[in-house]
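Across the two complexes that follow, chain A remains constant while its partner is chain B and subsequently chain C.
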Partner chain A sequence: MKNFKLFPVALFVSIVSLLFVDSCKPKNAGNAVTADAASKSYVAPGKYDEFYNFVSGGFSGQMSVYGLPSGRLLRVVPVFSVDPEKGYGYSEETKPMLNTSRGFVPWDDLHHSELSQTNGEIDGRWVFANANNTPRVARIDLSTFRTAEIIELPNSAGNHSSPFITENTEYVVAGTRFSVPPDNVNGDVPINSYKKNFKGTISFISVDKATGNMNIAFQLKCPGVNFDLSHAGKGKSHGWFFFSCYNTEQANTLLEVNASQRDKDFIMAVNWKKAEEYLKAGKGQKETVKYAHNIYDEKNHTATSELKTEVIVLDTKELKDICYFIPCPKSPHGCDVDPTGEYIVGSGKLAALIPVFSFDKLMNAITAKDFIGDYDGIPVVKYESALYGEVKKPGLGPLHTEFDGKGNAITTFFVSSEIVKWNIKDLKVLDRASTYYSPGHLCIPGGDSKKPNAKYVIVYNKITKDRYLPTGPELAQSAQIFDITGDKMQLILDFPTIGEPHYAQAVSADVIKNNSLKFYKIEENTNAFVTKGESSAKVVRKDKRVDIYITAIRSHFAPDNIEGIKMGDDVYWHVTNLEQDWDVPHGFAIKNASNGELLVMPGETQTLKWTPEKPGIFPFYCTDFCSALHQEMQGYVRVSPANSSTALLFSTGKNVAPVDSAVSK
Partner chain B sequence: MKKLIITGLITLIIAACGSNSSDEKKQTASAPEQKEANGNPSYDPNRGEGKFSKVDISSTLDVSKADAGNKVFTVKCSSCHKLTEEKLVGPGWKGVTSRHTPEWIMNFATNPDAMLDKDPKAQAMLEICLVRMPNQNLTDEDARDIFEFMRKNDGVK
Partner chain C sequence: MKNTSRLFLVILCAGIVSCNNAPETTTTKTVSADTISASGGQEKVKDNESEKDIVKVAVSSKDHTTLVAALKQADLVTSLSNAGPFTVFAPTNAAFDKLPAGTVDGLMKNEKKEDLQNILQYHVTLSALKADALHDGQVLGMVNGDNVTVTVKDGKIMLNNSATIVASIPASNGMVHVIDGVLLPPEKKK
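Up next, the complex of A and B:
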């Protein structure tokens, strides 16, 4: 009724409001937050975000998942660092995930996230991540949002230009930031023998189409420089990969000065189809190395770690026409390929321009051998022969570029704290917007794929300063969302991030949300220590090892009274969550446990190893609020001296008369 | 009415700045649907709410179904339900087949959240037990097998 009456009024009002529209326009489009920013980033309570944003966690070693445009933190996926909250790296089942050739490594520095693609479009199956410090690549399954696999990389250090992928996820690449002596030679050499002894390595990791399982297909032995970032060719340039390189001076000290001497460093173009041919023809050298390959099995909820001992290396100095160097001004950082695959954008950190290379021109130059010489055996293409053009005076300190799919690119400028939108064809700057402060990476949903979904650009800043309430010397780093649907980029939201965000990717929620697993089917649980039903709950002693098969359901454990544990025992708590519904994990913690807790998903089994340190009574309880009687979800375990005769007893809900000898005496 | 005009004016000016006007239309459009969902005179408390409206039961026990039901009971139900009259977390199962219709039991077993929100008998039990019965994601077949196992437990031969 009201609606009916409102109609003529509304018509009148909307005419009036048209007169006001102009007053809503931003006065200073570059950096002002305009009146409708809130409504553009507002996602009402109970409503879903439109995009998932997978943000690298930097030195936290984890990956965070945000909803866009709200900037709400949805999940932190533990990848390369232990996570006591989730039991990751603490449960017996997950410990092998963090195993390496040098044993258990509890931390790393995660820099880049890359979503799997099919035909150059994000397919929503997996997201890959790199570990910078102990070189590794991880694959996270996007039906469970859990780390499914981690592979270590031999002959590597500072795994930075990683984990970028080819357009059908044929390969994930990993390039070394730090050149080092290869693993199979004596590395005990003078540091200033860099030029002689240090080598760069690019790893091509194949990805199984069905399972996602990774395998180091081959490595390229390259000149000793710093490989920084990379992106695969696509479309016409599929079959090629591009890596930015700096420190072509081959400095081994004070790189800040000594690696900034040359006017131009390189982008290395890699013809990986050619490398495949050489590999097939048996041109690779088998090298004896050591690296761990860890896989988490979703059926038995258990990770296994396998140590591998061989890798095939192709020497790019010997095997011509795999690699070519393209000169690129001043320490290039970002190396980004536009959606058509024709344009390769190099961002020289110290350059006052952005060079854009043409794939067609590069191919012609290679065919015509239009080289200016070679660098450590690799042909160097003439700059002008590969260059499409330069964006002149775009800003200071260009770092990274993403694409909107409408013929434009957006580049971050670290030194001048801004993002700049420019047209790829005419190389003209179209718009610029300030960021707060000093942006590193940026992300447009699908911005490195063939089909960007260019509604927003999210900028990940390195400096936060005054953006949030002070929290002591350390501040959360900031991400900023800009609406890029109009001619002007409009800042609509700031949100804090975990660790330090480097590269991030985003994708429409529709590609992922419907595949999300809700619980593990208990019937399909093949964990070696599963307990399928309370009647199977038991405690089994074998010498000094005690296995406790215990179940959890709202809101009790079975068994919840256990006696007969003795000093010197290693006790394994195998907790099976019998729930079969979404969002009902149970936690498991025991007093004085020196490792951590378990967080057990519905239908899952996880194991906590516990070595009692003194005799007595130790309570255990559920840590994840599960029902109105969650506070009742607890139990006791009795630990006796090693030489005692306390019998092994376990029960739930047996109201037997007290037998405690201390009371009766 | 004045207030309405002012509110409308503000709303429209805000809307004109953004691109959200189509969202707002959607919201008003969904209002009538809500009304229909609220009034529900057709709810049958004997049947409950769920997929099962008529379950065929024979006078004698289907032994294979009952055995299959026993297996599901062991994994998914026995943590909370005893086969006697004694309440554990949930009510004991003795006599349950005479307290409720087969349809009500199978609907509740497969659709507990919806029924706990509206079914008077389910709500009365929740007041006693205080733990919402978990959805254990039983298949239709599981539910039927469990019902047969309940019949066996209640003495059907």
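Up next, the complex of A and C:
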């Protein structure tokens, strides 16, 4: 099957077509936008957008939320990186969210977003995200737009094939991009022993229907290849999951060349219902591993991080009928399933066609054992026996496909910088539109669900040379919105993004906006250091630890004068925002704090640890312009030498006679 | 204040017209009308969960219908729905009734809007002052630029020796002190 000679030929053909196929060249950007584009993306001041767009932030580690069609940035949700704007990863309460089995990790790489579904439709409860570098999956609560939970994945490296879900959010999956020796064996092996020692692992993380809480239900031990992307079956194919695989050459160096040798790599079909049966029958192997599971509690506003030590692994080499390989041309990247669940689209990065597989044919081929052999113990289905058909000459460098629910698919082409709309049934190209430039993912609202809402397709571009004013060596990545309600796809707007957008999802605002939390009820605040009213504000010393129970309300802190802090103390500022009003956060900053600041939502308590470095007077103040008297919202703390006799005092608004003679006379 | 912002909008629209060479001004008029109706002011935000702001406290009181009507007439509803913090001395309907006959009706006329604004702004000060923060002899600078003097006698808090605080209600954006008289700002020197 290895074909060294074919590769250079294919490359040559690709280059030739790149040079001569006129339709693939990006057209002049000026011509691409028609006159009514502005009105189609215009949302009047004071009007809401029609859709939420959840866009991965790539190397920023965050997820950004935009309104569509205006492209307004609504919020950046911190997920896998600290965020000074929200205090995430700085307050004592949020630090545990970024804990891992290797300790605190302040910055990761977030690739994909996936909205939770019920019956194959987006239900607006949660959005999931994956950390690529230190393998983790996060769940973001869409009533608070905050990261509610993060679970780490053992036996994994490069969690790229994630966090895609089954049609009732039974599972979130995580397929490892970099195969590695499993965690419980000695990994100190020669790199070129890849074929012998390296394994690919796919995790199935169960999601509690009521709470959303995640748990690694089981892991599948698979051959050592690169798992790239995935999507669940739906409808008739519910119970199956499909993963694109590349580097089936099992190369361990210069993958740019060595993982592009084979004419075909694979899409791996996983029968997860069968895996559940094996799990129930006790066929899983308990492995000792180490991974962190972090949960943010909305009642006490505190995250906890628990280190877990066990995972159940099913060996797909021995448990024969869980996994099947389907040959797929040229290092497939996107792996997308149409709304009916019948068609599985593989996008080979280097392929000159798009193969569309049929779920029914695949089932028949498996039943008939129509295999061409096996790969590392996994049966390989005959390509033609699973194939529905191929889209011929669609463009160069197909990457990802979404669906419009009207029988059509739209695929991005990285190399030829375009999106191409094609009909799933007859596999004919219907329309193509240039993008600026080099698109990766694309998103139709609900475009990977059973019910797409195909008003727009949003395309996420890697390159924006000549699109925006230059900003030094690095330019913003972009999103471009196309109106797809007509026969021709029409570019109506582009806007820069936060970090690098990989996958994104969008949903009608109606599904989410009415569930948005306005504030935390102070009477339900169970933070260990909450102060429920100004009369309860206090300063408590216990040896070298000082806990300051301080409240914030428009427009003062209580207490705002504190004395008796001494050198060598660890001071914990527990700031409770007493407001019970929407959109009235208070900030907290104190001079010389080496850690950062706080931002405290109404009804919430957050804690900043502060270690004074010298005696003196240190002002603190509110950092979030809260009111007309925001500039008055300040206080002072006095720090004395360790051996001083300064008494512990705290007060607010007490008109104590000034001690300095200049004023009191 | 609102007149100023409307004027600004008109100027802004005029600017857009000249830039775009739009054929008729009617389209831009539509845009500005849309803009105003779409935003509607902070008081229009649907929110039954948050603690009531000062306007909502006043609206929910059957003893303050005159005050609420006057606030609307004086275009002060949006301002008092703002983040604050305010202290509002809120005269009851009975307090307004104590004014000479015809006074309130006269102030509610459009040509008397500035006078009405002056009187109402004389009932508002910045910062959220609880009753225990008011002490005898204290002088409060009111939003209209004039001062109110506080007297405290036998636990009773009076303002300008003419109105007594009969109740205090905390609001999300400040404090409402219900008073039994209307505070009349000093005559303006010409």
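Keep in mind that, in the parts below, the second predicted complex is superposed on the first by the 628 of 665 C-alpha atoms of A that agree within 3 Å, B and C clash if a C-alpha of one lies under 4 Å from a C-alpha of the other, contacts with A are read in each partner's own complex, and residues count from 1 in each chain.
In this section, a contact is a pair of C-beta atoms (placed from the backbone, for glycine too) under 8 Å apart; a residue touches a chain by one contact, two chains touch by 3 or more.
From a predicted model like this one, the values you see are computed outputs, not experimental measurements.
Novice: Would you check which partner chain A:533 touches, where first means chain B only, second means chain C only, and both and neither mean what they say?
Specialist: Once the two structures are laid over each other on A, A:533 reaches chain B alone.
Novice: Looking at the overlay, what does A:579 touch: chain B (first), chain C (second), both, or neither?
Specialist: Both partners, chain B and chain C.
Novice: Which holds for A:317: it touches chain B only (first), chain C only (second), both, or neither?
Specialist: In the superposition, A:317 touches no partner, neither chain B nor chain C.
Novice: Return the chain, chain B or chain C, that is in touch with more residues of chain A.
Specialist: Counting contacted residues of chain A, the larger count belongs to B.
Novice: If you stack the two complexes on chain A, which partner ends up touching A:47: first (chain B), second (chain C), both, or neither?
Specialist: second
Novice: Kindly classify A:361 by the partners it touches after superposition: chain B alone (first), chain C alone (second), both, or neither?
Specialist: neither
Novice: First (chain B), second (chain C), both or neither: which does A:523 touch?
Specialist: First partner only.
Novice: Taking the superposition as given, does A:75 touch the first partner, chain B, the second, chain C, both, or neither?
Specialist: Touch partners of A:75: none, neither chain B nor chain C.
Novice: For A:36, using the defined touch cut-off, is the partner it touches chain B, chain C, both, or neither? Pick first, second, both or neither.
Specialist: first
Novice: Name the residues of chain A shared by its contacts with chain B and its contacts with chain C.
Specialist: Chain A residues touching both partners: 519, 553-555, 579-581, 584, 627-629, 653.
Novice: Mind pulling up the chain A residues that touch chain B in the complex?
Specialist: 2-3, 6, 9-10, 13-14, 16-18, 20-21, 24, 34-36, 39-40, 485, 519, 521-523, 532-536, 551, 553-556, 558, 578-581, 584, 627-629, 653
Novice: Under the stated contact criterion, what part of chain B meets chain A in this complex?
Specialist: So the residues of chain B in touch with chain A come to 4-5, 8-9, 12-20, 28, 74-76, 78-80, 88-89, 130-132, 134-138.
Novice: So in the complex, which bits of chain C are touching chain A?
Specialist: So the residues of chain C touching chain A come out as 31, 34-35, 38-40, 45, 47, 49-51, 53, 82-85, 126-128, 133, 172-174.
Novice: Can you list the chain A residues touching chain C in their complex?
Specialist: Contacts found on chain A: 44-47, 518-519, 553-555, 579-582, 584, 626-629, 632, 653.
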